[in-house]
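Next come two complexes, and both contain subunit A; in the first it sits with subunit B, in the second with subunit C.
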Partner chain A sequence: MSQYRVLPGPEHFLPPAAASMGIYLPNPGEAHINGVIVPEDKAYEEAAKQFLMAKVPTIFPGPLVLWAWNEKAAKKATAVRHLYNTLKECVQPGQKPMLIPMPDYRPKYPKINPEVEINPNHPNLTIWHNKIDCCMFIGVHCHQANLSLKIIRGGTSCYTIAMCAQAGHEDAMLSFRDASVEKIMKLADWVRKLKGTVQPRLTSAKSGASN
Partner chain B sequence: MSKERIQISEALYDIMPSDYQDLVKNATYGKEDRGWKDIGNTKELIEQHSLCAGCPESMAFRYILASLPNPEDTVMVGSTGCTSLVFPMVAVHNIHSLFGNQNAIASGLKRALSVRFPGRVKDVVVLAGDGATVDIGLDMTLQAWFRQEKFTTICFDNELYANTGGQESGLMQKGFVAKMAPVGKLFDKVRLPEIARESGCHYVVNCTVSKPSLVEKVIRNAVHIAREIGPTYLQLYTPCILEIGKNSMEGLQEMRDSEKPTERFAYKEYISEPAKQLLAELAAKDKERKAAAKQLAGQA
Partner chain C sequence: MAETHSVIGTKNKKGQTYTDTWKMMNEAPRTPSFYTGSEVIKEAIRRASCDVMIAYPITPQSEAAALIGELFAEGYIGDYFRGESEFAVMSQCAGAAFGGARVFTTTAGPGTMRAMENFPMWAGARLPIQMIVTCRGINSPLSIQPDTLEIAYLLNTGMLVWHAETAQDFFDWILKGYMVSEEPDVHLPLALCCDGFFVTHTKDVVNLTPADMCLPPYDPYRSPVPCMDMECPPVRMMRDPFVMKSNYISYATHASWQQEIWAAVERSRKHSIKWLNGLIDAENTDAEIMIVASGTAVSQGREAIRLLEDEGVRCGLVKVKTLRPWPEEEIREATKNAKHIFVPEFNVTGWLAKEIKATIPNHHRVHAGPHVCGGMTMPPEIIVSEIKTALGMKTFSLAGRGS
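On to the complex of A and B.
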């Protein structure tokens, strides 16, 4: 088993792909935390904890849920909104949950507005601008999610979670696989369950993303 | 062919940046009579771009995007050059190919789309500069035409490599001196429209983009003919005002001067016999549709 761990950065300018360091993807019913395969339930707890600890916990919904391609996509969007609303209800004063869309993957020139969107080609801009210290990607095509996750790990100290509808992401610090409406709702339930039990790192030097 | 396919999930509508909301509400996807006159009244399929102020290429881009008959089911293939700075800001599917490979990519893409979506009309439009079309990509350009691939090739002809500082290109006019071609061009401008005709293109036009209604007409014709019959080619003069020593506001006049009857961009059009027949059929159908709509409006 690989000794490499997928940890919050900044790792360095071009962090290695976690897969190349021996990190492999979870099987159905499993997830990974920092590159270590764990039962899915443990990952819900850890993800909820990370959200509740963060100063600016943020959800980044991608095109697969932002656009109503079909009924399933629209339902997932509703679940994402529910998770965000739950987060808002469960955080303590001083924490600022955010919901920032990744509407498409075009490398926007001359620059994006980091207050209102995130772009996979320079996700660090949105992380830095909003001082996001924990984020979750959902509904982002795998290739673009991998690209973003690596850039974030390379240049920021943000904790990354992937709620992936396929086989998961090695480059996230925590990754679910086979994301569904039920799984998003279950994560919201865990956030509610852990409400008040987690100390937010509002004054920690680690809070906020750095470069 | 419908705007209904492009919708934002209701639960997340409010967080979408306003340009996307605007695109869904006010863009002309699915509108049968879309054209350059929509510019200014509707949301354009081109967002802000990073071309130079007054660049005729930006005008050409706007007219072309406003005129595509089927933007929601169109894939554009671009290549290296100033156009590749604009494609990221375009709300039409697009692929950036390796320099010169655009017609090869488009060939495979068009074939794959017809297999993957047999019941749906999918248009492929190549849009590249003169370096990609005539110099580096001439092989791919010609081979696609020889094979009768059913897509449109548009060449933005600015008569040099503008993006890299003004090197000589095959479409540069004889004798022209550019910043990076100080000796002056020693041979004639490649006559690609004629080559296109001889290579099997069914619709070939050589013109400038000074008249939006003309651009609209040729784009629609080219796409419809490519869809039904075979390859089409448009060579549009989009001068690089920086490289020919003009000011921002002089691009339009440069195009007007170059389209005079004796000049190199005087309007030239070639239509093959099957394409003529198709255009006549389309015109008749259009006339019928407009008459029916008029009658319906009269009854209402």
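On to the complex of A and C.
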């Protein structure tokens, strides 16, 4: 088993792809935390904890859930909105949950407005600008998600979560696989369950913006 | 993520049943058939639910390409045409794959070299195209004969590269190859190589799966990049691409993109192990002498081992099945007891020996050879001779003038 761990950055001038460091993707029913394979249930708790600890917990929905290209996508979008609303209800004063879309993958620098959207080619801009310290990708095509996750790990200290509909992402600090409406709702349930039990990092210097 | 509907158990327009690939390859009855390698390629593609095949004639793959044209005429393939050159063929394969098709093509030797620019593009665009490479000589003066030098050029394209030993490998790996390369965490092109003529033009008994079973169709909605999105990379190649910007972010993006291609090669390891039953086959790994080879050099190595056994010399064998992903740990483990490692190859540079030397500890153990090239055969006796010479045993001159 690899000794490498997928941790919040900033890691390196050009951090390695975690897969190249011997990190494997989880099998069905599993997830990974920092590159270590865990039962999926453990990952729900950890993801909810990270959301509730963060000063600016943020969800980045991608094109696969932003556009109602089939019935399942529309249902997932509703579930994502539910998770966001749950987060807003469960955080403490001073925490600022955000929902920032990744509507497409066109390179937009240097003109992107990082306040209203995120782009996989320069996701660090959105992290820095909004001082995001925990984020979750959902509905982003796997290749584009991996680009983003690695660039974020390279240049920021943001904690990254992937709610992936396929095989998961090694370059996230925590990754689910085979994402479904049920899994998104289950994560929302965990956020509600842990409400008030997690101390937020409001005064911590650990901020994406500082890097 | 996609709204997928299982088609397993339903029939295609030719009456073939879309079958769970694992069951088809591992549980369905097999029929022994006496075919050339080219005919075996045709039979595999008959069962592969291919949407598009694009062809261009170059020896020794021309026969396979023509035979697949017959499959098109019979209605087994969605579309089939001849490109203007190998470069055109590979570009057209990219277009078809960008559009969401399961794509197949074949090439060889100078054709592989002519089309080379496309292969890193395929990998970078995450296109799971399958390309058969029936290796032959590439350099002037012209040779159409077997020579595996072109594989060396494919190793750093970002494609998966497998090297078949036999026609049976070919049949099975064409079908299994799609299963590996189309996994969403992999989604890379596969160069499935063999030694031209030795495999393509000789007949062998090959156990075929039932002709009325076929692979499930490719599902482009599982692709890790959007299918045919003209506004976004990778389809959007030249208009305002980030590769043409001069700033840290654009460089970092492109670097991350490249890393992701090779991460996908790494991820193919798990799937390749499952479908190929390991990245290598190894025999007698406790022996002090090992032969490590790929392609038909494995067959010659196996025969050399038999000859050596007759003389009381015990020798092990490693058959390297996948060159990308490279079976680093497997080769290290299989050769850990070896004092001498021989790497017979059908090329002049010895690229496989170089890969092995870069992999194992104490690489002075590697004897890079014997080598033949330009179409020469490799009699097992020259492998035996190489081994005996290295061991200080008396040997004979295989091609001497006599005395």
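By definition in this document, the second predicted complex is superposed on the first by the 206 of 211 C-alpha atoms of A that agree within 3 Å, B and C clash if a C-alpha of one lies under 4 Å from a C-alpha of the other, contacts with A are read in each partner's own complex, and residues count from 1 in each chain.
Keep in mind that, in the parts below, a residue touches a chain if its C-beta (ideal position, glycine included) is under 8 Å from a C-beta of that chain, and two chains touch if they have at least 3 such contacts.
Keep in mind that what you see is a predicted model, and the values were worked out from it rather than measured.
Visitor: First (subunit B), second (subunit C), both or neither: which does A:63 touch?
Guide: In the superposition, A:63 contacts subunit C only.
Visitor: Touching A:99 in the superposition: subunit B (first), subunit C (second), both, neither?
Guide: first
Visitor: Using the superposition on chain A described above, determine whether A:16 touches subunit B (first), subunit C (second), both, or neither.
Guide: It touches subunit C, and subunit B stays clear.
Visitor: Return the chain, subunit B or subunit C, that is in touch with more residues of subunit A.
Guide: Higher number of touched subunit A residues: C.
Visitor: Looking at the overlay, does A:107 come into contact with subunit B only (first), subunit C only (second), both, or neither?
Guide: A:107 sits against subunit B and subunit C alike.
Visitor: In the overlaid three-chain picture, which partner chain does A:73 touch, first (subunit B) or second (subunit C), both, or neither?
Guide: A:73: touches subunit B and subunit C.
Visitor: Looking at A:165 after the superposition, I want to know if it touches subunit B, subunit C, both of them or none. Which is it: first, second, both, neither?
Guide: second
Visitor: With the two complexes superposed on chain A, say which partner A:32 touches: subunit B (first), subunit C (second), both, or neither.
Guide: Touch partners of A:32: none, neither subunit B nor subunit C.
Visitor: Per the contact definition in the header, classify A:122: touching subunit B only (first), subunit C only (second), both, or neither.
Guide: The second partner, subunit C, only.
Visitor: May I ask you to decide whether A:55 touches subunit B, subunit C, both, or neither, giving the answer as first, second, both or neither?
Guide: A:55 sits against neither subunit B nor subunit C.
Visitor: Subunit A residues touched by both subunit B and subunit C?
Guide: Looking at subunit A, the two contact sets intersect at 73, 106-107, 109-110.
Visitor: Per the contact definition, I'd like the list of subunit C residues that touch subunit A in the complex.
Guide: 1-3, 126, 183-185, 187, 222-226, 229, 231-233, 236, 240-242, 245, 247, 249-250, 252-253, 255-257, 259-260, 262-264, 266-267, 270
Visitor: Under the stated contact criterion, what part of subunit B meets subunit A in this complex?
Guide: It is residues 6-12, 15-17, 20, 48, 50, 85, 88-89 of subunit B that touch subunit A.
Visitor: Where on subunit A is subunit C touching in the complex?
Guide: So the residues of subunit A in touch with subunit C come to 14, 16-20, 24-25, 63-64, 70-73, 104-107, 109-110, 121-122, 124-125, 139, 141-144, 146-147, 150-151, 154-155, 165-168, 170-171, 179.
Visitor: Mind listing the subunit A positions that touch subunit B in their complex?
Guide: On the subunit A side, the touching residues are 61, 65-68, 73-74, 76-78, 80-81, 99-101, 103, 106-110, 113, 116-117.
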